[in-house]
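The structure under discussion is supplied below as structure tokens; questions concerning it will follow.
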Amino acid sequence: MTEHLDDFARVDLDRERRTGDPEVVYGAGKTPAQVVAILRALHERHPDRAVLATRLGEDARQAVAEQLPEADLDPVARTAVLGPLPEPSGSVLVVGAGTSDAPVVREALVTARVHGARAGTVLDVGVAGLHRLLAVREELDAADCLVVVAGMEGALPSVVAGLVGVPLVAVPTSVGYGASFEGLAALLAMLNSCAPGVVVVNIDNGYGAAVHAARVARAAHR
Amino acid sequence: MTEHLDDFARVDLDRERRTGDPEVVYGAGKTPAQVVAILRALHERHPDRAVLATRLGEDARQAVAEQLPEADLDPVARTAVLGPLPEPSGSVLVVGAGTSDAPVVREALVTARVHGARAGTVLDVGVAGLHRLLAVREELDAADCLVVVAGMEGALPSVVAGLVGVPLVAVPTSVGYGASFEGLAALLAMLNSCAPGVVVVNIDNGYGAAVHAARVARAAHR
Amino acid sequence: MTEHLDDFARVDLDRERRTGDPEVVYGAGKTPAQVVAILRALHERHPDRAVLATRLGEDARQAVAEQLPEADLDPVARTAVLGPLPEPSGSVLVVGAGTSDAPVVREALVTARVHGARAGTVLDVGVAGLHRLLAVREELDAADCLVVVAGMEGALPSVVAGLVGVPLVAVPTSVGYGASFEGLAALLAMLNSCAPGVVVVNIDNGYGAAVHAARVARAAHR
Amino acid sequence: MTEHLDDFARVDLDRERRTGDPEVVYGAGKTPAQVVAILRALHERHPDRAVLATRLGEDARQAVAEQLPEADLDPVARTAVLGPLPEPSGSVLVVGAGTSDAPVVREALVTARVHGARAGTVLDVGVAGLHRLLAVREELDAADCLVVVAGMEGALPSVVAGLVGVPLVAVPTSVGYGASFEGLAALLAMLNSCAPGVVVVNIDNGYGAAVHAARVARAAHR
Amino acid sequence: MTEHLDDFARVDLDRERRTGDPEVVYGAGKTPAQVVAILRALHERHPDRAVLATRLGEDARQAVAEQLPEADLDPVARTAVLGPLPEPSGSVLVVGAGTSDAPVVREALVTARVHGARAGTVLDVGVAGLHRLLAVREELDAADCLVVVAGMEGALPSVVAGLVGVPLVAVPTSVGYGASFEGLAALLAMLNSCAPGVVVVNIDNGYGAAVHAARVARAAHR
Amino acid sequence: MTEHLDDFARVDLDRERRTGDPEVVYGAGKTPAQVVAILRALHERHPDRAVLATRLGEDARQAVAEQLPEADLDPVARTAVLGPLPEPSGSVLVVGAGTSDAPVVREALVTARVHGARAGTVLDVGVAGLHRLLAVREELDAADCLVVVAGMEGALPSVVAGLVGVPLVAVPTSVGYGASFEGLAALLAMLNSCAPGVVVVNIDNGYGAAVHAARVARAAHR
Amino acid sequence: MTEHLDDFARVDLDRERRTGDPEVVYGAGKTPAQVVAILRALHERHPDRAVLATRLGEDARQAVAEQLPEADLDPVARTAVLGPLPEPSGSVLVVGAGTSDAPVVREALVTARVHGARAGTVLDVGVAGLHRLLAVREELDAADCLVVVAGMEGALPSVVAGLVGVPLVAVPTSVGYGASFEGLAALLAMLNSCAPGVVVVNIDNGYGAAVHAARVARAAHR
Amino acid sequence: MTEHLDDFARVDLDRERRTGDPEVVYGAGKTPAQVVAILRALHERHPDRAVLATRLGEDARQAVAEQLPEADLDPVARTAVLGPLPEPSGSVLVVGAGTSDAPVVREALVTARVHGARAGTVLDVGVAGLHRLLAVREELDAADCLVVVAGMEGALPSVVAGLVGVPLVAVPTSVGYGASFEGLAALLAMLNSCAPGVVVVNIDNGYGAAVHAARVARAAHR
């Protein structure tokens, strides 16, 4: 996370300029006041570029809504964005297996946009209803990078990666119960995908998947 | 396992007559001589009905070939069958994701036949190549019970169960490496299937899946 | 889950007609308002056939009771059923090891009925009191499919499968503490059953077991 | 293990005199020559009392057979006993679920005898064939302590403990495959037994179970 | 658990008469009203013999205090005892490593007494302060059976079993944090004790350990 | 794996043309004769494009060397390549933490080249010697995609991802012992990287990482 | 923990005098009243030497603030110190990877001081921003012992141990989510450090790390 | 590991001069020829200072014996030392629980000496025979740092740390079977030690423990 405000400006600003990555605040474990303060400070330093806050609880989102009314809040993604989005370059498509995966799908969507990619979503295309997935095959094929989100048995990335050759990041979610072990089953499934080239991030880490995907998408349109 | 030769005849024979299940020898951990002796004894007691031996190593299969030449050996399934198969009733289709799953697929095939069902196989229809699976959809739909075998991410049962409403038993295999943890990834995936009605057996347990499937298939054609 | 309301009607309705499976709403993670809305919509589309909602918390059940008074609520199973049950065909018997397994037993019972089977329960026949189990042996034998529910050491399916040859689905429950690891001990025990033909579903998944069992039971009486 | 030969004689000999426990050599990881040397030295120190060696590989047993021909070797238990058994007091019954559990059953049998109890075995009374177990109920009831050995789902101790009130030590074995995880499934099952008073030892630890059982049996006949 | 109130009287009463084991109510997951009702019913059936309830939350204990004022409540053990204790026979000593293990120690203490043994406790004799343990060595040696309770690294049973030859049941507790994994570390340690004859029960299962210990103690004084 | 030789030509050839991905033979579990036969058949079908075989044991490599002398064998990567490499487009840099990671590094290197990217390696830049890593910072920055390979604590991807903004795939290896649990420690570390945008593949899966990396690199130079 | 107040004075006081270790109260699971009472009693016994309480919840800290106003409370570390700190000898530097690790860092800081070492902290020097770490290299080198605290991938100790040869204790924290498994990922990473000489304590155990570090630091300046 | 021979001389030689740590070759996974070559090259560069090779198989030791006859080989520790030991400063005592822990004990012993400490061993002082441990208490107290090695339940470090206040590094070993899970039980036990200040290294990592211990011991006698 590059949310720290002080004495290390030189190197990180270099990296930021080169990579196009914005400043990000990881909200978990921070008080609403801290979230607001960091967002404001980062925004003042980068008024021309969106800063992103993730994993905001309801309290933090309310504090942001009141004190930073210009921020763009997404209650499903649990994110806040402050400042103008960059000009998009390249496209990321976020694909979600079920409706319960929506928070992770939305976090990925918002993150991809803040990191400079065009981004959209396709929802509710789980492997137990292939017709829904096959109906969006061309959409999948047209993206520069896919982020595929699934809980439970985590099978969707394998099926998608068998349909198209687009770079694909798989995100296991903690959706499930019992022997899903809070996303472990989906994580293991994705790591063992029989489709070549599937790469994986931590459970529920829509943010990390979208950072990678946006870099890949931007590079494809330099 | 009902391979024991002695003093418990009354009850088990009752159950056998009622259920149609044959005698079975689990070969793992038995010497070739023990396998031959038990097979021979069971066959003498049930000359009109096939007995089955599973998990036979190369040594045991060779001993059976030499000393029980009328036995039907399957080197891929690692099984031996001695005595006439029962008249089949109902159909079991064994579906395998990859060529490496063949031993488990064949063990299920032989077991289903010895347990009184018609049985066939569909191979190499992994989820990364959906067209192959979609091509056999009618075959899947025509079975009385499906046994779906897959290693790695274990996604095939979910996809098949989304296509047809036939009772379906999923078999995870130990095919994979690293974070497959010798079949654990596939097992967890199958237990967390998003498709309703998927039931699961132990890793590599083609035998157990087929016993259940044959019972289901036979009951559908009483 | 086939609870989605929109544009994918053709294929799924085909499958439903063929398989006899109803629409189901998985209530976990949904608001009471969402549960009510989906139930109502599904019921309007299928007025002649029961729809099922599972894993309803107390809030959701109260909302259903108030807004869909014709729904049939089961507080132990945490289910709601809206619309007439199908004509039953075939019988499922749900067997529970202990009184703490009741929620899972009842979820299986309701599910089996909504999926078109006759269904009943036998309770409190844990393996530490064999006389109770032996007393219901004929009842076990008369079912078309058994659903056997147990927590703790998960031994009941093995014992039941040794008594009768009826197809049997084992359901581990999260009943236990310490080294039960929320049902993992029972799950592993059931996957390793020494009785041939035992198949298993996820921890506490009475719903999934009953879907499979109802299909098996219906097929036996086509 | 009290196999060390040197400077700590005083206290341990005290304990030995008081408890009746013999000297024991744990053979795993020792060369045949080491096993022979330690057995011989212990025997010279305790000529009037049996010493026990466990976990002897084939090489070690052959070395013992050649160089200590008066030793009593058990190839199934993989043990050697040198010197006269103590006068037995109290009775231990070792109950085994399946034929594959025989090595652990025999290790417990030999250990119980060397530790001063009368001991016998009942074999092949797995829970999938209750009639065999029920047939020996009186035998179970007559013992001072039971050692119940089972692999796979490890259900036997719960069933036995439901039949009789005798103190009972459960021994999980590594018999099984896949999700048995080399005995872990049976171990967890036994730790979660629904029958009160079941106590457990490490996987395959017939020796440890029998040490406890013999102490219990001897105490019952002081 | 033998808490069920109905039609299985014959066999269980036989066992009870023979073994001296009382009726027990496992309170976890029961409402205060249920606990009171079952205790009262069991007491009416066995007015001359104590019945035991374990794992009672504060609500349940308060309900018992109000409605069954003659019950003996132990807030640390979270138990209630109703009816006269049996005449004790044999002695159980419950040894606890730390003050945080007190609930499990007390549960074992109460259970042993209700199951017919004399029982006492030795507390706070963890292995990091050996002098405290060595000071009670004679007390340890005088018991008929020891119950040794420890969390964290679970080392105490090994040390005690090295000091005396008395039968010993080890109870791991969930005391600890981080890599104790809620008692798993202590459980594994106890299962791997280098001292022969240590037997183990589930995490926090003071009840089960004491049932075994009381049987052993009673048998030593028949 | 797209190694199957028969009736599914149409769709897969389409995908291949579009994605630039070659045919691949996964050698584990195949006989040398099978490897040779499949390689030869794929080469005949695609004489103008390299086919790749991975995870070849010494026997298989020797068989390839004798019967397909024009194949390019890499004994460290355990790969064989048959046919001309594609014109490279974009660059992949494979970074290895230690010399023991060389097999995975080389597998990634060969795979990236066969999949159409320019590829090179930087070796032995583990995090305990940062000066080595800092010395190649410009090289890291110049790549279109990085594959970062490490065993043991798996820290290298986090450090590299903190230095440059290039898309980065992390590969845990099974290098280590004890609590590395055959690569699990490194896998978990990489999934929890504090550096945003790190994506991960299965343990030792240099092949899968390079497939993704080559796609990313090619897309950056379309 | 040496917080017990009674009859074991002689030996422990001996040890305390020799080692310089203070009395410590582990606050988790104690009531505020208990914490206050033990602190007061220990302080009365050792008025000239600080006693330490750790893991104090907000309630306990408030009770201490009110009833022992002379105590030094640290709300981040969740500690209380009562009595004068010892004259420091040797220096401990506590290094924290991220701001979320602050509670563990502070607990280590306070503990080191109470145990007789000079102590300071360096914060927010995670491995994804090496420049911050390299900037404090001389500070690291000047300490007598380092305590390095990190969650998530736990890479910081390896990097620090590669920079300096000072004795180093690694502390994994539970900071992270998903596949961090509450600190397990960081723990495993630290145990597998490729830098020689890294030693590790339990997850979040800043106290234990600082006890060791203070002993090492004091010994270096005897 | 600092075994690499080339272009990174400047910084590492600086560190070496400052810390006194020697060059080390980790032998696992290296050919005998590689081991000999690296040892020779390192020795030529540092003729006045011992270099160490660890984890040498029998082949590698034989190659060293033949080609580097001046090397000091330890077949139990599986180490080779080439060149003169440094002048020792400070003392490390390596304490082993059982005879099977000897390889790890010896590896620690040799490593401590090569890293500049005086070192000795105390063997076979497992916790089940406390008298042996108590007999060496003064020896324990006299060391500057202790390395305590134990397998199975891993209890020894807690007991030793309760006896003396010397800095102590615990080493779990893979000695054990079944639920020891190749040293995991001992590792967890040591991480959860109730004695403050116990620090831990990876399973069987005598080398790493001794590097830390030697640094601590040397610092105490600067």
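Just so it is clear, A, B, C, D, E, F, G and H label the chains in written order, and each chain counts residues from 1 on its own.
Keep in mind that, in the parts below, a residue touches a chain if its C-beta (ideal position, glycine included) is under 8 Å from a C-beta of that chain, and two chains touch if they have at least 3 such contacts.
As the structure is a prediction and not an experimental result, all values here were calculated from the model.
**Student:** So which pair out of D-E, B-F or F-H basically repeats B-C, with more than half the contacts the same?
**Tutor:** Duplicate interface of B-C: D-E.
**Student:** Going by C-alpha centroids, which chain is farthest from subunit E? Tell me that one.
**Tutor:** F
**Student:** Averaged over CA atoms, how far is the centre of subunit A from the centre of subunit G? Could you give it in whole Å?
**Tutor:** 36
**Student:** In whole angstrom, what separates the CA-based centres of subunit A and subunit B?
**Tutor:** 43
**Student:** By the touch rule stated above, which residues of subunit D touch at least two different other chains?
**Tutor:** 1, 98, 129, 178-180, 184, 187, 191-194, 202
**Student:** Just spell out which pairs of chains touch, all of them.
**Tutor:** Going through each pair of chains, those in contact are A-B, A-C, A-F, A-G, B-C, B-D, B-F, C-D, C-E, D-E, D-H, E-G, E-H, F-G, F-H, G-H.
**Student:** Provide the residue numbers of subunit C that touch subunit B in the complex, in ascending order.
**Tutor:** Spelled out, the residues of subunit C in touch with subunit B are 1, 15, 18-21, 24, 141, 144, 164-169, 187, 191-194, 196-202, 207-209, 211-212, 215-216, 219-220, 222.
**Student:** What residues on subunit G touch subunit F, complex-wise?
**Tutor:** Touch list, subunit G to subunit F: 97-98, 126-130, 134, 152-155, 158-159, 161-163, 176, 178-181, 184-186, 188-195.
**Student:** For a test of understanding, state which residues of subunit B touch subunit F in their complex under the given definition.
**Tutor:** Spelled out, the residues of subunit B in touch with subunit F are 98-100, 124, 129, 131-132, 175, 177-180.
**Student:** What residues of subunit D sit close enough to touch subunit H in their complex?
**Tutor:** 1-2, 4, 8, 11-12, 28-29, 172, 174, 182-184, 187, 202-205
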